[in-house]
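Per-chain numbering from 1; labels A, B, C and D assigned in written order.
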Amino acid sequence: MWLYTSCDLTFDITIPTHFVLMLRPRSGAQQWVAREEYRLVPSVPAFEFTDGYGNLCQRLTVSPGHFALYTAAEVMTVDYMDRAPGAPFVDIQNLPDAVLCYLLPSRYCESDRFGQMAASITAGRWAGYDQVAAIEAWLRATIRYTPGYSDIPLSAVEINARQAGVCRDLAHFGIALCRSLCIPARMVVGYLEGLEPMDLHAWFEAYVGGRWYTFDPTQAELRGGYVAIGYGRDAADVAVYNQFGPPAYPLTQKVCVRRM
Amino acid sequence: MWLYTSCDLTFDITIPTHFVLMLRPRSGAQQWVAREEYRLVPSVPAFEFTDGYGNLCQRLTVSPGHFALYTAAEVMTVDYMDRAPGAPFVDIQNLPDAVLCYLLPSRYCESDRFGQMAASITAGRWAGYDQVAAIEAWLRATIRYTPGYSDIPLSAVEINARQAGVCRDLAHFGIALCRSLCIPARMVVGYLEGLEPMDLHAWFEAYVGGRWYTFDPTQAELRGGYVAIGYGRDAADVAVYNQFGPPAYPLTQKVCVRRM
Amino acid sequence: MWLYTSCDLTFDITIPTHFVLMLRPRSGAQQWVAREEYRLVPSVPAFEFTDGYGNLCQRLTVSPGHFALYTAAEVMTVDYMDRAPGAPFVDIQNLPDAVLCYLLPSRYCESDRFGQMAASITAGRWAGYDQVAAIEAWLRATIRYTPGYSDIPLSAVEINARQAGVCRDLAHFGIALCRSLCIPARMVVGYLEGLEPMDLHAWFEAYVGGRWYTFDPTQAELRGGYVAIGYGRDAADVAVYNQFGPPAYPLTQKVCVRRM
Amino acid sequence: MWLYTSCDLTFDITIPTHFVLMLRPRSGAQQWVAREEYRLVPSVPAFEFTDGYGNLCQRLTVSPGHFALYTAAEVMTVDYMDRAPGAPFVDIQNLPDAVLCYLLPSRYCESDRFGQMAASITAGRWAGYDQVAAIEAWLRATIRYTPGYSDIPLSAVEINARQAGVCRDLAHFGIALCRSLCIPARMVVGYLEGLEPMDLHAWFEAYVGGRWYTFDPTQAELRGGYVAIGYGRDAADVAVYNQFGPPAYPLTQKVCVRRM
């Protein structure tokens, strides 16, 4: 499936502001970026680097005034994300070094506090993919998905108290539950074709059977049409725009995903 | 100052357990490791890798039974850690790429929740070193340092509620306050000569004036005698031993630091 | 200056062939990639990774038959590359760790064999930028630039014997001479507006005065219009396409660079 | 097998000299460093970093005068290095990203010039381990091993002309031959118990059957007793001491390896 994606952001900048952006998708196992566009208006010098998770990030300093970002891509994605019922749990000693950090608790995924809950949710399942699938199903059935604006990110503990959340919150909760079972899990931010209402999306991946698999508790069923932009331990690592000091909220944020 | 350090741990292992250890100090700006010892009893195959923060980590799988780790080092450390009153705040755009991650909130340092408190604690101070010194002084005066055993790590929010904590907790709080002012801050775990009671220690570093400086709210005054073992965003990244699955608590943990 | 660049390659593949491509420019200090296109015909699964020099590389396996790569970009580049006569030599102890590897000899830059020649070429120059400028001028005056096809890369020693070479050869020679003076130097492959005849281009950078500067012995004078695709120690590290086993030579290679 | 290793170097330094040292072995798959010593006389500030190949390197600046390095280690090594006749060639597309760089030609391993020779040496062998074993046997039988002092490193092409060389030279030749068959190969520098005459040693590893295997054309037969200090593409990357500018040759170099 070929997708056209775009994300346009406009800001009213009041003081010189340094942004760290993460809006350039990379080609990977399940997506090929065939065309890409990234415009800054006004144009400012920007520097690109690869962060510790392999994401391409852009650093730039914006002067006061109106500032706009226009990004777009044409991406070939798979029609159906891979699933692997029965894929086994990977013993810790067999995990690649670089995967170990996805076992640790992180800002919004207090996996050190969910051991019992995760055990109970996954009781009777084969260790590995089936446990994660049980977590995904439990989240889908239990935590109300309330798409829309959320002012600040919430953590798994907070979502568990509130029993509702946006896509990012459900991903955090899923990640925390996986890690508490010693299953590496990470956050993904990107696009999903057909998302209602259309916006940037967040989901999670779990490492079982020797590779990463996609899970998305906000959708009735896993299908295709995903375009990943960034990966990290949780939303603290994967902000499509990060800026430090007084927050600069976007005036407008317009996301578009359509089949080509 | 030459220091002899040692850390011996013994465990009763009940099921095959994979450990990720971080007990090998590295030579750095303020310390030279002249001699080092690292014994595993019984001997088991171990693999060493460098994690994303530059720490040397050892992976090994231990069979059920008694297991002991004996580590020791002879390290030349500085007599006085560098201080730099007046060292300026580094504008975000001038921070090295690799330092940016120390601005983000992390598991035990919810810097996204402390903006106002940090501003009030540092009111009237020059941006940079003097702000961090004010935070350190405030912690020293306000949060009761209660050395000793703590069962689970607590976060800055929790320590703020409790107004007391172990060294790790005070470091987390200091880091969260620094980051909320856009000052990069990181956790350090290691040894401190003269610590009472003797144990492993934790403190923090802040990036001002173009380099990292040491801060320790648990001590009346910053002196020398520090030996760093590991660095990270917070205690989730810097565990001297990490093991996954049912926790294996040490039967005994014996730490020694003395002048040579 | 806004440039449109494109590089199209077609191959006749006779056996399944694994390619490692390096054809995706990144935004950096002196260039911003605003638009980019990368098509594979026929489409095949491709995986992208960042190599040890920070280059984006694409791995893909092509089946026998016709295979074509179409890449294009719209890039904002500077009108004049920075020059810095007088910029000082950086003492080795002040070089960043990551720059040290550009002091070492490499496949096509036998810097361990050019100490005397480099000293003689740069006699009387201030250590640093002016030495590199003297090397660039010497190459321009001495080594005949013979643009066109070259079957295999030659090393600095070979070019010195032959006294003529393509852009890549002159860059190798320049790099070898710089390194023999303990000035870090690296290869750059990319595009140059106005190159005659138009083709992919190679030049080099030297690290003096605390940053990398561009040098190009093939041009009468350094101007703007450069778009970097890849960096490395020499051509062994920076091949726009690398394939292993029986070589797959492009049927056609069409490069275009024009002002927008 | 437990080994005690030591390497002591003394220098007469005439001008301030920056060294990059690689003398700290790391624990790995086939060795565990249980005790280690590293003394600088006189003591000077030193900084440690991990290079692009995972080696621990120490940077330090030495003032004019006498300078001595004393390093020692107690290492558990395997009694017999793993061999794997029949282990298959790994198709390029299945090689880990980080292994690809060991396919490229490098300063002393002009693998781009040995395709025919390698094919002829390995004619009739199964692709993979058996090809490398054939190369090792051919080197053993053909290239005279002349242990002892060699003033400058020679490349595979030069060794092929000379038909004799020190351990480093044979390793370079072996690496070049492997790479020309698309088998990743890398240089190892370290210690070998029982080496005659005792000195630092060099050998090579090839990546077949999904992992690195050790080969040593200087020994009649592969046994145990190896302690690796550094890895790289060739000797340019793996110098136990590297210094830039006028060379500082050791006054004395004393290497000791004995069973404990």
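One rule holds for everything that comes next: a residue touches a chain if its C-beta (ideal position, glycine included) is under 8 Å from a C-beta of that chain, and two chains touch if they have at least 3 such contacts.
Source: prediction; values computed, not measured.
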By label, the chains that touch chain B as well as chain C are A, D
Taking each chain's centre as the mean of its Cα atoms, which chain lies farthest from chain B? C
Chain B and chain A are one sequence twice: same or different residues at the contact, by the over-half rule? same
Averaged-CA centre spacing for the pair chain D and chain B, given as whole angstrom: 36
Compute the distance, rounded to whole Å, between the mean C-alpha positions of chain A and chain B. 29
Rounded to the nearest Å, the gap between Cα centres of chain A and chain D is 43
Taking each residue of chain C in turn, which ones touch at least two of the other chains? 49
Among line, ring, star, complete and other, which best matches the way these chains touch? ring
All pairs of touching chains, each written as two labels joined by a dash: A-B, A-C, B-D, C-D
For the chain B and chain A complex, residues of the former touching the latter: 18, 20, 49, 51-52, 57, 59, 61, 91-93, 97, 100-101, 103-107, 109-110, 112, 152-153, 182, 236-237, 242, 244-245
Chain A-touching residues of chain C, taken from the complex the two chains share: 26-29, 32-40, 43, 45-50, 54, 56, 58, 76
